């Protein structure tokens, strides 16, 4: 086990552990904050995998934007503060099919890990700190991947318009009498 | 020649559609142009929906209300003035007149140069037996065709006045035209299937025309009844055509008749019997005759055209047309004879007791058609066709004259007339000629034709059973002697009854005191003169028969018939003379009701056919509801219950759906991992 | 570094996300779980990018794309969640069952399946949609 | 290794001193701008030890956590708010030739990403206080961050584009004097957006004491409140430093760049900090809609304009 593997194991443990906390915590905001921890650990994992630029984009977008958005949403939907009582059909966080979900999740993990272990038991990543900077990525993005990039911008535009239409209450389908 | 014939058929056919599509517009155009010329004349286009003249069987409560309208009709003869502005009538009359002219040319040609002219316009290949769209003109077809055209022309002209205010004149005239074309098609057809086409088109036209005043429920019921009864016979007719056509290997009439000697007797008998069913339906013979009296619900000109002169004659015409086939099947002729005997005596008796003038004439039509059928049954084909023609003339006359009387009196009922002799002299004399012809008094046409049939029957009765006596003038079909004798006697008896009911109707209409409250005057000129014109052939047509040997009067038959006629007429007169205000039929006592109801045949049908069928239908409904519906509904219930069980899964909870979905994906992926 | 480390972490993360999506009834928690799954995919992409030394950096670029799409997805998803919250006063996804068969009390269920009453909550939601 | 330790110690010292300096300056500058003296007694000379005294006072205060609050997050929030600014300083160069703790290749990105994290501290504080004013303040923080993050990143991207590198040291090395007019719009946008992210007046809606008491910090007292204050002043320092590095040429000056580069940097940072204080005193607080309008209707288009201008000039030069 190399030092990198040790560090990666630690980071992975943090990521997976905080992810488990995200899906099991009884407090809504804690879930979002554990999500920050998980994403941060993942950013560290990206750094280890020499994907430097991706790591900081991860922090910028996920931690800086997505999580703030999620927190914003949590606050707007009036999440109560504090630990929520676990119990029955009125449990505000977990639905009834928790055990089925657990079974499916475990089965998914089993299948995925089995497949991966079968397929990549002898694959070794040769880490060289060269490919993860902004320059090679930029060059590749604007040469080879420019079409998907542009398509992505269209997608973002659509998402932008969609979000605006969804959240504005003063625009909507006209009813039959012509008033809003 | 064939071109002329086809033109004769096509003219009314096209006129029917032209009248239907363009009639109103033509009326409007004509009245628009006539308006400045007429000056102050009120522009009443025929489209104006005015109350129609509905001659109904029951004494309508609005009889008095109709008097001003009638006086308007009778006074200044508006109908004649209006004719130039009546678009549909113009189209119909012009085309019918032209068709008549063509039919006359055809008839003249055939008369001058006898022989069959045949032509095939096109051949429809069907895979087995080809259908030829062909026409033919021989003596028979030319004669009957001419008769049809003339009667149709008379009816078209007559209708202009009779239905002057009818809002549906357009469709009326069109259907009469279409009917004429169909009848002509039957007459001139050289192919059985083509004939059948005409036959069916006549049926549907008849339906529409009987139900012309469909606002009254009774009229539409009568139309439906006529349609269904004739359809019933038509089924047999169609199968008979197929039997003949398949047996002979061709549908061409000439080909079928040529093949008759080679056909097996069974096939021939079966086919002709089936054809008889259609004939009985169309020609209103027992037991399918009950539609005809009810069909009097239609306008009177329609009764004259369809139910007296042409359509009912189609059945007789078809037998005459296919006579060799019938000749070869004596059993069918025997059946025809017996049917004729029952029809003629029964309907004559029924006519004796009717209170409705048109129904008297309707039953007399059945009776007279039975004469023709009897004539055909005993082998007197020429005589039968001769009677067909003369009957066409005098029955059209009688009906149209009756229409005039009805229009003037505002009622169909005999009991409302009386004393019209002086006020309607032309109608009176014309109708007298018609009745004389109906009875068979010399020297009018009916005498000659009826006499020759009676003579044929006498000859058949005399020679029946005796083989090999081929020396007499007319050959005799091989029917049993008893049947021949029955026909002969029935013919004579019917002459007597005919005289009685004709005398009764004549006396009750024109003599004695006026019983109804109406303003008696002559009918509109257009109608009166049409009737008068028809009286001429009714009177003199008989003399044309003198040219043929078998149509000349024979002393014995004529004497016997005249004796019977005199007896019947005298009885009717004596009964009437005791009390001219009363109906002589009242003397019949309880029999009167029986005759009036035509031996309760409608009730019998109701009891034997209608009620069982209705009961069966109810049973079927019950079975359907309790059995089949219950099964179907039960199926729905089961599937609903099964669906209810499955529906529990359909919770609307997206997460459980997703759980199932992902579980499925995992299972599949696991399967793939394990198997591969 | 052995390739299995990132791959196993990614698989575990994905499974945790699956559990979250299936087990959490709060819509925002579901969104977070979806983000976890997306990140698992990202980790996989980056790992394979490094494993196969992709000269075009398809893995990392695809990760960038995914991150961008995830941001858009969260934006839209939150808009939808807020709209739902505004109309229903709840963000619990398993309460939003208008598309399912209407739940009935047993008496009504016994009477038969004739009365289809499922249309009412939808209509009510429509009314709440108003100004 | 030793070098790194020395640098870290120096960094810690700077982080301890610079915000205090800014704070003291704010006290005095504001006072003089408002025609009063400000702190005069602590430390005898013009109240130089005022903030030290404040710190002592804060430390002595009782550590109160509301009963309904989410205790752990409540306690964690000040640290989350403060630490990112400390981390950002790691990549900020103050002089040429490695006068920086860590020269990251994507230093700009790092700085922006980590600064974004700092906002979460305020949101956490607002939510965890279990107080409706605090919650409102937290939501305002989030909304403000969402709006101003975009023009800030775009303006920074303009500088990175102009320099052709994401490394902060690289950007300063590439800087020329004519960047001042060229990147002027970007500089203004970056600075204004940064101010908004710091929730400094006139962008202090989230902590508007007249409306929502003190926003996310309502329930805080004692040392934790001091940490938030410290975070604010550290934020001012970081923002000024980043603006200096990106748009004002960092250590570059008219003379003695290699020897006194760090001095130039500090000078520029202090000048910008003075502007921040000046703005606080000069402008009234923006209303919420004015705030959003400024971001979306002015800053974003302006930053895009700057980006286009930078691109055009770059292409023209190349």
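A, B, C and D label the chains in the order they appear, each numbered from 1.
Here is the rule we go by: contacts are C-beta pairs under 8 Å (C-beta built on N, C-alpha and C of every residue); 3 or more make two chains touch, one makes a residue touch a chain.
Note that the structure is a prediction, hence the values are computed from the model and not measured.
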Computed over C-alpha atoms, the centroid farthest from that of subunit D is that of chain B
In terms of C-beta pairs in contact, which two chains are most connected?
-> A-C
Name the most central chain, where centre means the mean of Cα atoms.
-> C
Return the distance between the CA-based centres of subunit A and subunit B, expressed in whole Å.
-> 91
Roughly how many whole angstrom separate the Cα centroids of subunit A and subunit D?
-> 28
Where the CA atoms of subunit A average out and where those of subunit C average out, how many Å apart are those spots?
-> 11
Between subunit C and subunit D, what is the separation of their C-alpha centroids in Å?
-> 36
Multi-chain contacts in subunit A, i.e. residues touching at least two other chains, fall at 53, 57, 65, 69, 72, 74, 76, 95, 97, 100-101, 104, 108
Out of subunit D, which residues touch more than one other chain, so two or more?
-> none
Multi-partner residues in subunit C (2 or more other chains touched) are 18, 21-23, 25, 93-94
Chain pairs in mutual contact under the definition given at the outset | A-B, A-C, A-D, B-C
Note: in the complex, subunit B contacts subunit A through residues 653, 655-656, 659, 662-663, 666-667, 669-670, 673
Can you list the residues on subunit A that touch subunit B in the complex?
-> 95, 97, 100-101, 103-104, 107-108, 110-111, 114-115, 118
Subunit C touches which residues of subunit B in the complex?
-> 640, 644, 647-648, 650-656, 658-659, 662
Subunit C contacts subunit B in the complex at 18, 21-23, 25, 93-94, 96-101, 113
Given the complex, residues on subunit D that touch subunit A span 68-70, 73, 105-106, 109-110, 112-114, 116-117, 119-120, 123-124, 127-128, 130, 135, 138-139, 142-143, 145-146, 149, 153, 166
